[in-house]
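Going in written order, the chains are labelled A, B, C and D, and every chain counts its residues from 1.
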Amino acid sequence: MKQHLLPVLKNIQVSQRYWLMVVDRTSMPENVDPGQFFHLRTTEALSPFLRRPLSVYRITETTLEFLYLVKGAGTVEMTKKETGDTLDVLGPLGQGFQLGSQKEILLTARGVGIATLAALAQKAVENGTGCTAILSARTKDDLLSGEMLEEMGVQVYRVTEEQGNSDVKAVEAQMREIIEQKDIDSLYTCGSRRLSLLNQRLLHEYGLQGEIALEEQMGCAMGACFSCVSPIQKDGKEHSVRVCYEGPVFPMEQVVIS
Amino acid sequence: MKQHLLPVLKNIQVSQRYWLMVVDRTSMPENVDPGQFFHLRTTEALSPFLRRPLSVYRITETTLEFLYLVKGAGTVEMTKKETGDTLDVLGPLGQGFQLGSQKEILLTARGVGIATLAALAQKAVENGTGCTAILSARTKDDLLSGEMLEEMGVQVYRVTEEQGNSDVKAVEAQMREIIEQKDIDSLYTCGSRRLSLLNQRLLHEYGLQGEIALEEQMGCAMGACFSCVSPIQKDGKEHSVRVCYEGPVFPMEQVVIS
Amino acid sequence: MTLDLNVQIGTLTLPNPVMPASGAFGPEMTEAVDFNRLGALVPKSITNLPQPGNATPRVCETHGGMINSIGIQSKGLEKYLEETIPEYAAYDAPLIPSISAEDIDEFTEMTKTLSSHPDVDALELNISCPNLKADGLAFGMDKDVTYELLSRAKEVSRVPLIAKLTPNVTSIQEIAAAAEKGGADALTVANTFLAMAIDVETREPLIGNNMGGLSGPAVKPIIVRMIYQAAQAVSIPIIGCGGVMNGRDALEMMLAGASAVQVGTASFINPTALTDTLDDIEAYMIRHELTSIQDIIGGVKMKPSEGGVLWHGRSG
Amino acid sequence: MTLDLNVQIGTLTLPNPVMPASGAFGPEMTEAVDFNRLGALVPKSITNLPQPGNATPRVCETHGGMINSIGIQSKGLEKYLEETIPEYAAYDAPLIPSISAEDIDEFTEMTKTLSSHPDVDALELNISCPNLKADGLAFGMDKDVTYELLSRAKEVSRVPLIAKLTPNVTSIQEIAAAAEKGGADALTVANTFLAMAIDVETREPLIGNNMGGLSGPAVKPIIVRMIYQAAQAVSIPIIGCGGVMNGRDALEMMLAGASAVQVGTASFINPTALTDTLDDIEAYMIRHELTSIQDIIGGVKMKPSEGGVLWHGRSG
């Protein structure tokens, strides 16, 4: 949970709405786990005022990559960074994914949720874990970054509103087929309430393990301010946890989706 | 009093503390007079919040030049502008210098006051009016821009604290010599309370004409808010005038220096 | 699609909901902005007798705002009637002079004089200025004084009266209700927040008068809250004021309950802020397929909060 | 040059004037900032019984600030005594728990319990929270309630008491004086400004609880004014709070009359804001050849204003 000033190596538009930023992390001693995130200062001026939380999309020994959707003032500021500029990040933050002895995992990512799951896929492939991903988005254009997963060796299925195959029913059929055919043991999802509910349902039905990466509006991202709380079901009781500190990744069965 | 978005052609550091910005004004229909100023938005973010008033330093048919002292947040932001960026200016604003049938004029500028008087010198030279300038500053380095005046044909005297020849007494002796030798008919000054008082004294003593360019903290710079008022002695009474609207240039004998 | 932008202030119909804030607007600005497109013209507050205003510096900037202490520099009511009113009367927009006075009698007198001028369409009473008979406390800080001031002025006024409240109060609802009861036809919420800034190098206040009023986007969230609260407390229209920089800010205030907005400081940054704000509102209405400005006013969808109350007081 | 940074709060001596603001600080931040260098540790306000806090979203950003409505999520006094106090007691800095209660009896009870804990050095009473017995109005909005609350708590307290005032009042001087009279050993000026922000696309408030408290640099000029006013009204030390982002802001508040400052929101932007602020203050003292923090406190050079008064009330 330290602040780092990291040199920007690359900051490019990768599709209509998505950008990719690569920073040099050689000065940063901490390990970074898939599912962890950074709290980024998007501008030196205090406008926008707060930092922005972004998952790490890709981790190498010397670099970190962020895949981000250009949404509002903060991410617009981010697009202005150029090679040689400095990115002020706080992190790595939070608890990442638990990847243990799984053999075959299935990721379901909606939209920019892929940014969070990609790092997990990367690690799974490194561990020799089989990895399949269903990527859902508004348009094909939003799924361009799926190619990176394919290059890694992940089997990628794409569904979009454009094509009309992204509704929950269609995804459910696809998930069932993959779970059964590949003998999936773990599910991971991020980015959609509806896909999270679907994942939870299939998790129970098939008796699988799994995790969900949550998002909440954040203040400090250090566990101090209790802005980012979410309810968790555990030991028969509802607990309030901080997405930035106890999360953002939680056991799938514990997450209470409202 | 219109807003213009002008392309930055050049923005360079000209001495330790001074910068020069050149903008393309071909899209701007208005005439610009020496002594007029522009109200500049230094950043797109609202931090710093207010615009900044800057005199026009040099006027050509296609360009405007600003010479500015890097002082606080606003002028620091200005140094970040690069060729190809846009400068948001409101102007030209206020009343400039009255240059009529004068034959020999003497300018006394303190510090960045040279920025305001340089445009006047330029016009005087164009009109065939003889022009002499005493430039006063902390260090020689701050007077580098005096060379432009010399190139135009202005006779330039330099005094600095560094050299120990910038106190009012020394400048007074120098002014008297120039006024007498060159048969000066008008005095112009900007940038120093003490030099303004000296100029006023010599104006009365020698029965000369003259003008002073004032500076005041500004809000609107359009004459609407009455932030920038200054007292003026006229017809035996004190009036309150707006530096941005009735000024920034005022008849030397009218200015009340506190 | 034709848009109905009309706003009613008592018997006066404004052609649209965007007008300048008093003191941040002057006839000189006609070069920068088209006065004929404004919902109303609100000149700088006028005092009965001429007064010189405060010491300079009169403005300084702060984070996201500015402090001003002009001190109602004024040439007095006589010159105002002779020069200022005719100058503004040349434009299409309704004219709403703003009055600043030193006691209730003076407010009443000035209301009488100004409201009977044929070119005056409504009056704004700047009750945020200090009451010289009450130790300099602003009229609008006390509900009883507010009530009395409005009733007295109402008795003699021939035009709608707008009370411009001060935000420097514990309960804006209470003052709003008192103004309405007194007879105000509308409320402006609000004037500036009393504020101070100090240069740590010289140790001197950055304002000649030591303190002044804070305006600009920094204060907008407090003003939006006050608009909402005032709108719950009264049934007369509210004019939102404080930090409007663009149409989004204006719409936010209107959703909170404002029928119109005033734009002040924004014009210093963006000289066409007034008409840009109006353009933004029109574009929003078209995008959202709204035909009348009434479809926006008070349209905030409050969330049911704990125990069903709209706002559960605990914040931190 | 050795710098004397000590600040006295009743019988307690703080090693330096920089401490966190309650609610914007937690034990988790020890990785980011050196707790042993702080003037004091001020944990999140604690309530007597556990409470869940408000609906999300609990924060949103505004121009130069943020609105929060956490709703004092709390695990209750029992767990606080067991877990929180020991956790903070491990650091050198004095520990100042912040108490939030629903009525005066509860404040008194909690003061009694907490002040007798050996690791508690002073208490901050968050009287900006709503008084459930007074229709949700904050205790600190009423001078009589403030006086009574402080006197009751003072009777039972074994440690210095700091009253944290709300800025949502007409006269901070009046409340400050009431708190002093009641027995407060110091005042924190102030908590957050009640505020609201609305998403104009969805028409919903950006905060789950509809309204919340505004903090950050946007509000600093109002807080500096209140510090100055409160300092004129009382002789107990004042702790400035609201918008401190760096040493310059802290110094501005100290020149206005604060003996110490709290840093809240700034830590969200710059995790080392607390110690950076202290470093800035030290560098300033060295540059200005000041050996004691006392050379700064209240050192503003007010300008004589018209008629010799310090502040001539007219602003606009």
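The working rule: contacts are C-beta pairs under 8 Å (C-beta built on N, C-alpha and C of every residue); 3 or more make two chains touch, one makes a residue touch a chain.
The shown structure was predicted, so the numbers you read here are calculated from the model rather than taken from an experiment.
Colleague: Please indicate which chain is farthest from chain C, where distance is taken between mean Cα coordinates of the chains.
Modeller: Relative to chain C, the chain whose C-alpha centre sits farthest away is A.
Colleague: Per the definition of touch at the top, where is the C-beta contact count highest among chain pairs?
Modeller: Chains joined by the most C-beta contact pairs: C-D.
Colleague: Measuring centre to centre with CA averages, how many angstrom lie between chain B and chain C?
Modeller: The computed centroid separation for chain B versus chain C comes out at 37 Å.
Colleague: Please work out the Cα centroid separation of chain A and chain B, and write it as a whole number of Å.
Modeller: 57
Colleague: Taking each chain's centre as the mean of its CA atoms, how far is chain A from chain C in angstrom?
Modeller: Using C-alpha averages as centres, the distance is 47 Å.
Colleague: On chain A, where are the residues touching two or more other chains?
Modeller: 46-47
Colleague: Touching at least two other chains at once: which residues of chain D meet that condition?
Modeller: 23, 62-65, 68, 70, 217 - these are the residues of chain D that touch more than one other chain.
Colleague: Could you pull out which chain A residues touch chain B in their complex?
Modeller: 43, 45-47
Colleague: Can you check the complex and tell me which residues of chain C touch chain D?
Modeller: The contact residues of chain C facing chain D are 22-23, 45, 54-55, 62-65, 67-72, 100, 126, 128-130, 136, 138, 141, 168-170, 191-198, 200, 202-205, 208-214, 217-222, 224-225, 228, 243, 248, 251-252, 255-256, 284, 299-303, 305-306, 310-316.
Colleague: Within the complex, which stretch of chain D touches chain A?
Modeller: Residues in contact with chain A: 23-26, 28-29, 31-32, 44, 52-53, 56-66, 68, 70, 73, 216-217, 245, 265, 267-272.
Colleague: Using the touch definition from the top, list the residues of chain B that touch chain C in their complex.
Modeller: Contact set of chain B toward chain C: 1-3, 41, 46-51, 90, 216-230, 240, 245.
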